[in-house]
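These are the structures, in structure tokens.
Across the two complexes that follow, chain A remains constant while its partner is chain B and subsequently chain C.
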Partner chain A sequence: MNGLLAAPRAWIETFGEIAGFCGQVLGQVFGGRVFRFFGEALRQAGILILSSTLVICGLVFIIGLQCGIEGAYFTRGTGTPTYAGVFAAWCDLRELVPYAFGYMMAAKVGTGIVAELGSMRISDEIDALEVMGINSMTFLCATRLLASWMVLPFVYIASVRSGFFASYLAVVVQIHEVSAGGYSLIFWMFQNPPDLLFSAIKAMAMATVIVLVGCYYGYNARGGPVGVGTATAKSMVLNIVAVHLIGMLGTQIFWGANPRAPIGG
Partner chain B sequence: MSESDFEKGADAPRDDDVELLAQDADTEAPELEAPPAGPPATVPSTSTDVASSRISVVSEPVARTDDEEFQWHTGTKHSVEGVEDAIEFLDVHKAFGRNRVLRGLNLGIPENRISMILGPSGTGKSVCIKHMVGLLYPDQGDILVHGESVPNMVDDELFDMRRKFGVLFQDGALFGSMNLYDNVAFPLRQHTDRGEEEIAEIVNARLREVGLGEANEMMPNELSGGMRKRAGFARALVLDPDIVLFDEPDSGLDPVRTALLCELIKEIHEENGGAYVVITHDIASARRVAEFIAVLWRGRIVESGPAADLFASENPFVRQFLSGESQGPLGME
Partner chain C sequence: MMILTGKTIVSAIRPPYPYGGEFVSQFLFALKLCWFPLLISTIAFGYGAVGIQAANFLVLFGALDRLGGFYVLSSIREFAPFVDAIVLAGVAGTAITADLGARKIREELDALQVLGVDPVKNLVVPRFLALMLVTGLFDVYALIFGIFGGIIATLVNGEPLGPFWATFFTNASTTDLWGSIVKTTLFGAIIAIVCCYKGMTASGGAAGVGRAVNQAVVIAFMGVFAFNYVFTQTLLATHPALNIPR
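Up next is the complex of A and B:
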């Protein structure tokens, strides 16, 4: 019996540790300590913009094309090709853009943070920071979180645009069963600004969790280069699970009770 | 080891016998165990005996009582006249799991002197340094820096206290994401309001001192181990700290550079003063720069005091270690 309980107990312990760690980092951001290292936060923000915007927008573009194609053929099948915009609008904004964003964040930014902080940990760089009288958790983790909050909403909006554009290309230019005006009318009828806000909230929740999990696994890496590798893998697993949980919860909360669709009553 | 090895030492038992006996009859074991149990003074004479000296190297019994294990640890401290201790270790114990690294360490590092901590590889010298700056906490005991207890400090006090320190880690610990110049400038940028020009002046001077004036723009991963050491050395000194900890500044350097580095340490110390703690394996360096020496072994101080006293010490372990001989209390274990 004890043996059976060992694994879940270890998970709960890890979860508790991660929660404690996140609490500390969030405290340093909201408590304003992080602004002592605002320069470092800006530097991290710059790195995020330069290294991640394109690849995130690219992935979302591909997803947008897919949503457009699926939507166009599905609505043609049901005899309502003018409604291709409904499928595209929901598919893009509500579900797949946040997921694609989450995946790319986990794969690029999350693992990047684990690898970077982990290698700093094992080569005593974090100790060196501490010894210089610098709070390493603030300097390394809180600044990254702040940077991601400063930058990622804009990156996200940019990626949503690229997704919309891709769907438009697929439905109107490639398959061409609706006119540009007809598509746009339906497309915009089936979403409104609060939807964009909800979608962004979903994405930012994902980003926050991913950055924090990445910081936790990197900052606490042990056991040399192998340990950093293991930590990277673990963080990726946890992040992918978290992305789906947040996606599901977000859809339930924001659209589960009220689909906000202008159909019928 | 074959039977014949024991023939000369007729009364020396086989090594596995010793272990068995030592396990179930602690009182008898010391009599049977010829070499290490004798009083310190007799060891130099017995170590000429082939058989017994081999036994002392190859099959040192694993289960030992504290008395045997610490028989050379007189803990004698030849005090330095008229100088207070900058750093004190009071009966510090530290274990990593079952590996007991520090086992009742008592050590005082005098103010305004260059002190050296010597000791065999893996005895906990680096661990000792990490305790001084609060990177590790003792399981038991206390560490005082200028009279203040490090383990009892709250975070903010600890960060303030650490600004007194300049530390060179064993592997340099340069920031991999910054080039050499930025690495050395980092403490200045974080802790002072100096302008970039002033910073550039200080940093370039420090880098030239260690012979890296030309390597400004290089990233740490493009440097050799010795270059990284020297850069870490420059970074540790850039804020003119009160207490300087160098973990093997000379390992990985060629003999000439080692000698030059020793000169540099002495020069900078003369200029700035403060307590310098240097860990080294190089006895020649110790002879050159050390004013105070502490010998660490098995988590305790064997002997400590002014360099001259230690080099003249009668303690067999200290003598063996400072002359680098293979014969004596210390084996490969």
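Up next is the complex of A and C:
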């Protein structure tokens, strides 16, 4: 019995540790202590923009193409090809763009943070920071969180645009299912600014969790190069599960009770 | 990477076959790591993305029984394969890169070569085969739990399950199923090659291993999605019978 319970107990323990860690980092951001290192936060923001935007937009672009062709073929099957825009609008904005954003954030930014902080921990650089009298958690983790909050809403909007463009390409240019005007009419009729806001909230929740999890695993890495590798792999597991759960909860909260579609009364 | 793919396939086919034990242990390793994240992910995706949104749309027309038919389109053809690939790449792929990267850094791979053991044959081939098989099989698992998400969505809307199953089974076709499984098997191959390549070419100490894992995941995701687009496009265009609603 004890052996059976060991694994869940370990999970709960890790979860508690992560929650405590997240609380500390959030406290430092909201308490304003992070603004002592605002320059570092700006530098991290610059790194995010330069290294991640293109990859995220690229993945969302492919997903947008995917939504476009599925939508085009599905609506052709039901005999309503003019409504390919409905499928593309819902698939893009409400579901798959946030998911694709979360996946790529986890893969590029999350594991990147673990690798970076982990190797700092292994080579005792974090201890060196402490010795110099700098609060390492503020300097390393809180600045990264602040940077991601500053930059990622805009990255997200850019990636939504690239997804929309890709769906348009797939439906109108590639498959020639509907005319450009007909597609745009239906596509824009079935979404409105609150939808964009909800979808952005979902994506930002995912991004926050991913950055915090990445910081936790990197900051607490141990055991040489092998340890850094294992920590990176572990953070990815947690991130993927978190992305899916946040996606589901977000959909349930924002669209579960109200379809927000211009059909019927 | 292409060279590694060629080498892997050639040395998988050509005798001798010393990789049996390693194959089994890698298979079990991937199975043990992935089953739980995959379970949560597919139920969440099946209930949230597909279930709630499609049910929203269908409820407006009073046609919630068509949800079953929609799950054939969405679950079998699209999201079960790609959630499967995401979880396998994120969980098993990163573990493989971390493992091989650490061995490379500690010069164990060079030591193997000095001993006359071919690292491609003894390390890459079993991982390649195991990941292909495990991804293909996990696709069925992802399907089952994705449809379980659909069942939850139907029940939440207060509808009976009979019509769900009826439209599901009239719309399901074997072409969809084999398309899905072939697709995921090839995803597994892409993930294994990318992750093994990045692990075996890691350099530069602890930071190097972390960076290798990072790059491996990014490249694997991009590769899988790009391949998915091409495959779905080809399948749908060459099998028009798949698009007729029944």
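Here, the second predicted complex is superposed on the first by the 265 of 265 C-alpha atoms of A that agree within 3 Å, B and C clash if a C-alpha of one lies under 4 Å from a C-alpha of the other, contacts with A are read in each partner's own complex, and residues count from 1 in each chain.
As a convention for this text, a residue touches a chain if its C-beta (ideal position, glycine included) is under 8 Å from a C-beta of that chain, and two chains touch if they have at least 3 such contacts.
As the structure is a prediction and not an experimental result, all values here were calculated from the model.
Look at A:123: by the touch rule set out above, it reaches both chain B and chain C. Judged by the touch definition given at the top, the superposed model places A:27 against neither chain B nor chain C.
When the two structures are aligned on the shared chain, A:237 is found in touch with chain C, with no touch to chain B. Residue contacts after overlaying the shared chain place A:132 against chain B, while chain C stays out of touching range.
In the superposition on chain A, A:153 contacts neither chain B nor chain C. Set side by side, chain B and chain C differ in how many residues of chain A they touch, and the one touching more is C. Once the two complexes are laid over each other on the shared chain, residue contacts for A:248 go to chain C alone; chain B is not touched. Note: residues 116, 119, 123 of chain A belong to the chain B contact set and to the chain C contact set alike, using the contact criterion stated above.
Every residue of chain A that touches chain B in the complex is listed here, in rising order: 116, 119-120, 123-125, 127-128, 130-135. Residues 33, 37, 40-41, 44-45, 47-49, 52-53, 56-57, 59-61, 73-74, 77-78, 83, 86-87, 90-91, 94-95, 97-99, 101-102, 105-106, 205-214, 217-218, 221-222, 225-226, 228-229, 232-233, 236, 242-245 of chain C touch chain A in their complex. Within the complex formed with chain A, the chain B residues making contact are 130, 133, 135, 155, 159-160, 162-163, 165, 167, 169-171, 173-177, 186-187, 190-191.
Chain A contributes residues 55, 58-59, 62-63, 65-66, 69-70, 73-74, 76-78, 86, 90, 94-96, 99, 103-104, 106-108, 111-112, 114-116, 118-119, 122-123, 224-230, 232-233, 236-237, 239-241, 244-245, 247-252, 255-256, 259, 261, 263-264 to its touches with chain C in the complex.
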